[in-house]
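One chain, subunit A, appears in both complexes that follow, with subunit B as partner in the first and subunit C in the second.
Now for the complex of A and B:
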């Protein structure tokens, strides 16, 4: 069973950049074909309100680049000290090579840096943190973790079942080596549900066929998606979330030897308002301990939703206080994991929107 | 208790049907199919509504959603009768 305790790693900084365009669901009503009644239900149940997306051509790596530069400048990081760069995303710059390796050069890191991508979505922050902490435990001193997605690019542009939910965000997290800082991780995966949340086309199993894709698109059918777009079986994903997350917390409480009363913040992946409120009520957690507004303000940020929540709503307390936190991610794969991590006055600036000055990439 | 819950369930269906206008829900019987006539968002909307009604009536939060409510083969929300019986069991188990 993948239950691991580390005692050498700590988070030193978390920064998040979101897309530069704020879209209101009221303004998108006609585009998605919502009538007033269905829009009211979506607002009430899911919490749809607004989301931040990128302008044409901006990639996840651009958002993460701005976040990383913010940390480097603010903390005065000597770039040659960064020994590993991990990039967790489902929206890389290219199918190959790993965007992390491109980012090594773009960020000015040493060629001695270990760098590669991890293909995960909503569980990606916890898995990325697990991998970074593993590197530190193995002897590395400083790891840069980048997580995020231009999630708006993963769905059909007019797929009203998914597109209105998605927001674009890229986070950077700096992890350092320390002495005697315990953290606990519990990780799971279940491939039997892979088909419930999937982009089926574009890889080897179902290659991308441009003519077919073009002919299949029917602009009159606003719900239609292609094989290159994400599909979600909402009911199955709902069942999965309700089933695994409370059990995940119980596992982590027992493994880490903590109780819910000791925890300052439960920062979960932010799929929608109802699921978070359901989990909060099921575990009898106060709403102040389990933030749930991220999807309503910024959209579903996939792997960046946990750092996005910290930079969006909790940045003052993470900057000024010593905190006991549980982070939990769950989603595509199906994949889920949680960790107990203590933080102590780390650098967590308020979330920033993308600044075009960081889009100075000269690559193709 | 089951009569109270029946009343709350029918009120909840009436409420969500203000938006949906599904003719089977205008005067639902115990045998009226629910699950097959709605999508997952409506099921979620119904759960949210009935949980609020139960909390208002019984004075505490009663969890209705579980890992089977959206499962087409196992859902306890197939018919109105199924819903009432399921919610009654949930309320009784909460003491």
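Now for the complex of A and C:
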């Protein structure tokens, strides 16, 4: 079983940038064809309210670039000290090469930097952190982790089953080598559910665009969606989430030798308020310990949802206090993982919206 | 739980105003949609009943939702 303990790595900074356009579900009502009754129920149950998305052409890498520059400037990081750059995304700049390598040059890092992409979504922050901590444990001193998605570009524009949930965000996380800082990770994968959350087209298995009209009995409406757009079976993903996450926490409590009472924050991936409420109910956790508002304000930020929650709602406490945290991601793959990580007054600025001045990329 | 309490729980879970009868056809219940299915799955999960989304597709009448609760229901 993939259970790992590290004792050399710590998080020094977390910054998040979201899309510059704020959309309100009330304004999007007609676009998605919601009647008053279903809109009322979606707002009340799922927590749909607003989301932040990018303007046409802005990529995840642009959001992450702004987040990384913020950390470099504020902490006075000497760029040649960054030895590895990881980029967790499902919305890279190109199908190939890895966007992380392009970001090495764009961020002005040394050619001695190790850089590559990791293709994960909702579980991506925990997996990215795991990989970064592994590098530090292996001897590297400074790792930059970038995570996020322009999820609004991955869904069909009028797909009311998915598009109203998604927000765009890109985070940067700086990880440093220290003496004696324990952290614990537990990870899982289950490919039997790969078809429940998938972009089927555009890669080798189904290489060409084949528009199709999908009628999905689970979702009970007809949405125009092509093979190049993300499909979600909401019922299956909900069922998976409420079953695996409580179990995952029990495993982590046992492995890390901690109890629920000792933990200051459970920062989970933020798909929507409803899933989080159901998980916290099963774990009997107080609302103040398990934030659940992120998706209602910013949208589902995929791999940036955990840093997005810290920079969106918990930035003061993460900046000023020593905290014991559990982070947990779960979703597309199906993939899920959790970690116990302590933080000590790290740099966590309040979330920023994307500033066009960072869109200065001269590439094609 | 008694059957009539369970019918009340179903009604509450689906956010309905009208009372449920066992013979009612699910397709005639406006509130029985994807959102209701999520709420029902959460409700069954809390009762310790394992249901997956596919199970709901086969159901025709309210009494089949009642039958899913299985041993959780006691005689009247």
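By our rule, the second predicted complex is superposed on the first by the 350 of 364 C-alpha atoms of A that agree within 3 Å, B and C clash if a C-alpha of one lies under 4 Å from a C-alpha of the other, contacts with A are read in each partner's own complex, and residues count from 1 in each chain.
In the analysis below, a contact is a pair of C-beta atoms (placed from the backbone, for glycine too) under 8 Å apart; a residue touches a chain by one contact, two chains touch by 3 or more.
On a predicted model such as this, the values are computed, not experimentally measured, just so you know.
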Touching partner for A:46 - first (subunit B), second (subunit C), both, neither: both
First (subunit B), second (subunit C), both or neither touched by A:274: both
Subunit B versus subunit C as contact partner of A:234, first or second or both or neither: both
First, second, both or neither for A:242, with subunit B first and subunit C second: both
Overlapping contact positions on subunit A, where the subunit C interface meets the subunit B interface: 38, 41-42, 45-46, 234-236, 238-239, 242-243, 274, 278
Interface residues, subunit A side, partner subunit B - complex: 37-38, 40-42, 44-46, 234-236, 238-240, 242-243, 274, 278, 281-282
Parts of subunit B lying in touch with subunit A, wherever the complex brings them together: 16, 18-20, 40-45, 47-48, 61, 63, 65-72
Subunit C partner contacts - residues on subunit A that touch it in the complex: 38, 41-42, 45-46, 161, 217-221, 233-236, 238-239, 242-243, 274, 278
Complex contacts: residues of subunit C adjacent to subunit A: 15, 33-35, 37-39, 41-42, 45, 52-53, 56-57
